[in-house]
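The structure appears below as structure tokens.
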Amino acid sequence: MAKLLSVNNLSVHFSTGNGVVKAVDQISYELNTGETLGIVGESGCGKSVSALSLLRLIPNPPGKIVDGEILFEGRDLLKASKEEICDIRGNKIAMIFQEPMTSLNPVLTIGQQVAEPFMVHQQMKKKQAAAEAVKALKKVHIPDSGKRLADYPHQFSGGMRQRAMIAMGLTCAPKIIIADEPTTALDVTIQAQLLTLMKQLTIDTGAALIIITHNLGIIARYADRVNVMYAGKIVEKASAADLYKYPKHPYAIGLMASVPKLDQDVKTRLQPIEGQPPDLADLPEGCAFHPRCRYKIEQCRVSAPSLRTISDDHEIACWVDV
Amino acid sequence: MNTKNTALLIPSGKSRSRRKNVVFAILAHKMALVGVVIIVSLICMAVFAPFLAPHDPNDQDLYRVLEGPTWEHLLGTDDVGRDLLSRVIFGARISLIIGIVSTFLSALMGSLLGLIAGYKGGVADMVIMRITDTFMCLPVMVMLLVIVAVLGPGVENIIIAISVLTWTTFARIMRGQVLYVRELPYIEAAHADGASELRIMFKNILPNAISPIIVAISIMLGRHIMLESIATFLGLGVQPPTPTWGKALRVGYSYLEIVPLYSIAPGLMITLAVLGFNFLGDGLRDALDPRLRGEGRKI
Amino acid sequence: MKRYLAKRLLYALLILFLVSILIFSIARLLPGDPIQAAAMMNMDLANEEIMDDLRSQFGLDRPVVLQYGVWVKDFFVGEWGTSFGSGEPVFEMFLRRLPVTLELFAGYVFWSFLIGFPLGVISAFKRNTVLDAAITSTAIVGISVPVIWEAIVLIYLFSVHFQIFPPSGYVPFSENSMENVLCMIMPTFVLGTHSAGMYMRYVRSSLLEVLGQDYIRTARAKGLKEMAVIMRHAAKPAMIPVVTVIGIDWGYVISGSFLVEYMFALPGFGRMGIDAIAARDYPVIQATLLIVALFILMVNLAVDLLYGYLDPRVRVK
């Protein structure tokens, strides 16, 4: 498979009242054409920030991309000019946000918002863009899409708003689609519908998909490969199947033990991960996970481990072989 | 924890640490600090006027009228030879008294009616809000002039007129706050706990709805001082020979070409008073209600 | 949308009714009666015959409800009574003074928008810089300075000291356009600075709030250029709170315009009102108050209308 995107040593820092927060700390990963990458972790682990920084959408101030490179089609996006990045946003790389209620502009019609990328990136006139918008809405199964073009977001249901968001993301047949918690606000059946739809649409267009979620079920079902993030770092990279069956990092092991599995004995108790997610402004010395880790050794208190390969396509950042 | 007493779960709004935070936030807010300094100076000026003023404010020296600044009269003299500086210092008294008393009455009346309107709803709400909307159609200053013209000038009448005209501002703010606070879960908890209506209104809702009222009090204090000066300026307010900023401003205005300080100095005092209370109000808003940081939406 | 407007209109009519009762009562709550009060201020009227004549003219010999009905009816057909002081029909006095006040208002709008909006936008985009702090503190000073003092300081600076503008008085545009502009610059500026400070603060805060919204991020993620993001996605929602403030402010500015007309001796509507209040000239006071109330209600309706245009969520409610 061809390499589409490679992120090298990306670091994003936020300056807050309590000092500098390393929201994303030296992460590297790659994305191949047509594959689905899951990024999973607790809230506040930096998964959303890492995704937003791909398109340089981090609000500055307080956030700042301090280090690293993001190579896309042979270009470093962090070095691209404002015009170049605008040209990529929504065109080559599209984002689908969580919270469709707040992510859609309440004073513009759905039609205006879905048609916008056509007008910006394909220089379409208003009418033509509107016609395309109807098609785009039809693709995400919005009934009566022609009529609903004139509706405002508040007239849509939660699921339909999310569909509209997806339609908007797919308008220009992007190479990469980043879906940030795309279905959190919706109920389970609609979640499944939308994810299946999204996956199908990416298969149709050959796009790569990055799904950011805290929901391991979604990862297991839709992702090819997974990055597990903890406190701004990637702690485990593996294929989805591998991670599901043989998680190696203590945190990933903990995650897996905390969700029910169908093939499990019903009497097995679910194991929560002890302790609280760390305060990013005040990380512990050494490995950020060690205060919650059952397998910690002396080394963990002293220095942070970097990723090491343990088998084909499987890396972890841990001093211990569990 | 004593689970029987839901009151323990209710943010009282008066905890010591929170009060301390408010003090810190005001100190950190440079403009608020300037406001506090201005206000404290004005209050000191009013309280210690007899010691601070170099002359008796009512001593006339008809041989030395409309003088510019001299060492004896630092701001010069007025049209009947009284020391202007002394009159400006004593003028702080009447302005502050009228400002403080009218704001207090107005806030008390407005908050109470707003609380009733917001909590009780129904007819009470309708009547109070209709009155409020009616008052909104008539500019306070114009109505103040009319009412004082009707009632006759004098300190009491000005205070009554200002309070009657401005309580609606507090009522609106309070009502809005109550409507918001009323829906919060801990009020529901208090209801479930069997607390009486009055107790809920005054113990649970009021303390948690009061922040914007405090901010408004600060801002309205400045505005009321300004209203009094304007009424006095137009000859409808406090009557001579009481030393007032408004009157000095008015008389001085006629002699602007000869002794500019005569009107500019008392006017500066009015401006400083308004500015001080506005600065403090801004600081209080930032400290008490982070949601409104730096903005004036509720006022 | 139509229903929403109809509702607002009906409500405005209700409030207008209540306001008219309030205005009508003021003159009648006096100890004694309004004619007597007016006579105290105006020696020309202090004669029993004249006073009785005025009483019947003012309708005081009729039942109160009838008085009210006649007053309201007369108001809408332009019969606003005659001034106690000059004996002139109030409606004609009003018409003669209206152009001055309208010109003052136009100038006020010009200054307040010209200063308030750009500074607010600049401040928002340069937030937390020295420039922002400077603009924000200037704005609060602008809001705090009382109109009468600002007027006096400006008159001292630009009429007494530098003698650029006339200190007071009015020259109609038709008579001498140059002098007309010169005599209106200071009064309109004084009125404008207060509101400019308000607008600046609201534009700044509202823009900052909107720019932090998720949908602005969505717009950026679609590849819109920063200018398009602001014009297409941020401007309209950011205007919603600003429109409210402008509406409230246009109500407040009436007080300011009364004072400014008084300070700069402009023969406008506000000057007429202040003179009438000082002379207890009730027919003029009543008409003045009712016009002011009508103006404020109309501004409120306009704000509601604009709201419906700016915020689609309002239309459905």
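So that you can tell them apart, the chains are marked A, B and C in the order they are listed, and the count of residues begins at 1 in each.
Following the convention adopted for this analysis, a residue touches a chain if its C-beta (ideal position, glycine included) is under 8 Å from a C-beta of that chain, and two chains touch if they have at least 3 such contacts.
Bear in mind that the values here come from a model prediction, so they are computed numbers and not experimental data.
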Touch-based graph of the chains, sorted into line, ring, star, complete or other: line
Two chains joined by the most C-beta pairs in contact, as defined above: B-C
Interchain centroid distance [CA atoms averaged], subunit A/subunit B, Å: 52
Separation of mean Cα positions, subunit C and subunit B [Å, integer]: 23
Multi-chain contact residues (two or more partners), subunit B: none
Residues on subunit B engaged by subunit C in the complex (per definition of touch): 31, 130-131, 133-134, 136-143, 145-147, 149-150, 222, 226, 229-230, 233-236, 249, 253, 256-257, 260, 263-264, 267-268, 270-271, 274-275, 278-279, 282, 294-297
Partner subunit A, residues of subunit C touching it in the complex: 128, 212-215, 217-226, 228, 232-233, 236-237, 310-313, 316
Subunit B partner contacts - residues on subunit C that touch it in the complex: 14-16, 18-19, 22-23, 26-27, 29-30, 37, 136-137, 140-141, 143-146, 148-149, 152-153, 155-156, 160, 198, 201-202, 205, 241, 251-252, 254-255, 258-259, 262-263, 273-274, 277-278, 280, 285, 288-289, 292-293, 296-297
Partner subunit C, residues of subunit A touching it in the complex: 52, 55, 57, 59, 61, 82-83, 86-91, 94-95, 97, 99, 102-109, 116-117, 120-121, 152, 154-155, 165, 168
